[in-house]
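The structure under discussion is supplied below as structure tokens; questions concerning it will follow.
Order of writing sets the chain letters: A, B, C and D. Residues in each chain are counted from 1.
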Amino acid sequence: MSLYNQDFTISFGDCDPAGIVYYPNFYRWMDATFHGFLRARGPGHAALCREWGAMGLGLMETGATFRAPGVDGDRLVLSIEGIDWSDRSYRVNYAGRVGERLLIEGFETRGLFVYREGRLRAESVARVRELLQGAGAA
Amino acid sequence: MSLYNQDFTISFGDCDPAGIVYYPNFYRWMDATFHGFLRARGPGHAALCREWGAMGLGLMETGATFRAPGVDGDRLVLSIEGIDWSDRSYRVNYAGRVGERLLIEGFETRGLFVYREGRLRAESVARVRELLQGAGAA
Amino acid sequence: MSLYNQDFTISFGDCDPAGIVYYPNFYRWMDATFHGFLRARGPGHAALCREWGAMGLGLMETGATFRAPGVDGDRLVLSIEGIDWSDRSYRVNYAGRVGERLLIEGFETRGLFVYREGRLRAESVARVRELLQGAGAA
Amino acid sequence: MSLYNQDFTISFGDCDPAGIVYYPNFYRWMDATFHGFLRARGPGHAALCREWGAMGLGLMETGATFRAPGVDGDRLVLSIEGIDWSDRSYRVNYAGRVGERLLIEGFETRGLFVYREGRLRAESVARVRELLQGAGAA
């Protein structure tokens, strides 16, 4: 069971000269799904950053495996399948399907970044975990 | 009354360092709305091109006026408000709203392009008109 | 004679299933050319906004006419051909060429936006004009 | 020593509300660097596909580690540091730097895809290897 799902209609302009999704768009959609999840569980990224004095829930690492191509008109459902928590980072795992067909498996490893002494630093992600796990679920 | 509406959830990654929608994305969304309309009235762009021996329903001119900024989490409804038909082109008129708030008014002037004698040429758009007007409506 | 030129190598991923540039990318390139011009004449957008207490040199209206398609590998030169100044806005005129071939003519009408009394307002663009015209040229 | 380098000027519009590069753009730039490399060693993707009866040199897997943020005005140099060859795939390794500063390390695992019996299939990449290694280098 997924933690969160978001839908995207794949359009002509998301596709490359081979007629299939230009792959950086899958990362755009993973990121958009994460932000949708943030807004479903709290006030969204901008308000969280103000509240936490943070610069952002930015990326440390991302990756994806492409299983099948997507084309114009496909209804892509991107699911957050789980989150692996560490002290200063968390890995969000995604799967993207069109109907039963698996198009993509991917992940984003994110931190909680603050500016301190003129540098971006990765802080404890305990507050992010509390927000996204809600009542202990996940 | 609009001819067609399509929804987009504005996300963090659609926005620029000022925190508002980076404007080329509005054009992406207009184009995606047009392709959604094509799929609602027929088999979609790729199948139409095969059927008509065409290269595409490409663009001659586009433009937009930005009335108010959009931000992360806004639900944008893009509407095709009308189409002005000429012999070899048609102008699709859009409005984009978040609730009652008008964000954007824009247009795309499109043709029906075929390769002939080594050049892209704009053909009569009668077939496009027939498809998009359906039973004489619009 | 242009005020400023910037080069872009059109790549596979900038193109759509018809194999030609997906048009919102031309707007991305016009915007990037404007920001390159800002950095050539001053400290760039972020520093200017801090200095001027502004939110941004944002957009009021944009438009483009597409004269010829661009493809993978084309070297696009985007030129700022001139700027038309008004009190609270300025229109930046662009032409994009691959060698001698004109691909696009476009414009961006921009303002100087500040937050005041909870709203975005368009201020006098006199400071922008002073910066971009340099020693009275343009 | 890198196999190939390509430059990109990071612009305002490539950045997100945190003011730093929106990460899917790094994948766009890796892909553009690969296509630049293809054009430096041969006739480019479209001509190769025609010649080889292929659909594309598409992606199986990609990933990136983000070391430092990029901002408006940064001159990003993306380098292909090496290629690891297998029978039906090859992994292209990238590093992206602004001056001495390492922004990103990434990879793309690509295949050579053809349509056969109604399905996309990954063929031997021997021809790709021959093209990209040139006179036995790499």
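To be clear about the criterion, a residue touches a chain if its C-beta (ideal position, glycine included) is under 8 Å from a C-beta of that chain, and two chains touch if they have at least 3 such contacts.
Model, not experiment: these values are computed from the prediction.
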Degree value of the rotation bringing chain C onto chain D, based on Cα positions, nearest 5: 180
Furthest chain, CA centroid comparison against chain B: D
Length of the line joining the C-alpha centres of chain C and chain D, rounded to whole Å: 28
Euclidean distance of C-alpha centroids - chain B vs chain C, Å: 23
Chain centre separation in whole Å, for chain D relative to chain B (CA means): 31
Touching two or more other chains - residues of chain C: 12-13, 16-19, 22, 24, 28, 31, 45-46, 72
Chain D-touching residues of chain C, taken from the complex the two chains share: 6, 9, 11-14, 19, 28, 31-32, 35-36, 39, 44-46, 71-73
Contact set on chain C toward chain A in their complex: 12-13, 15-19, 22, 24, 72
For the chain B and chain C complex, residues of the former touching the latter: 16-18, 20, 22-25, 27-28, 31, 45-46, 55-56, 58-66, 69, 120
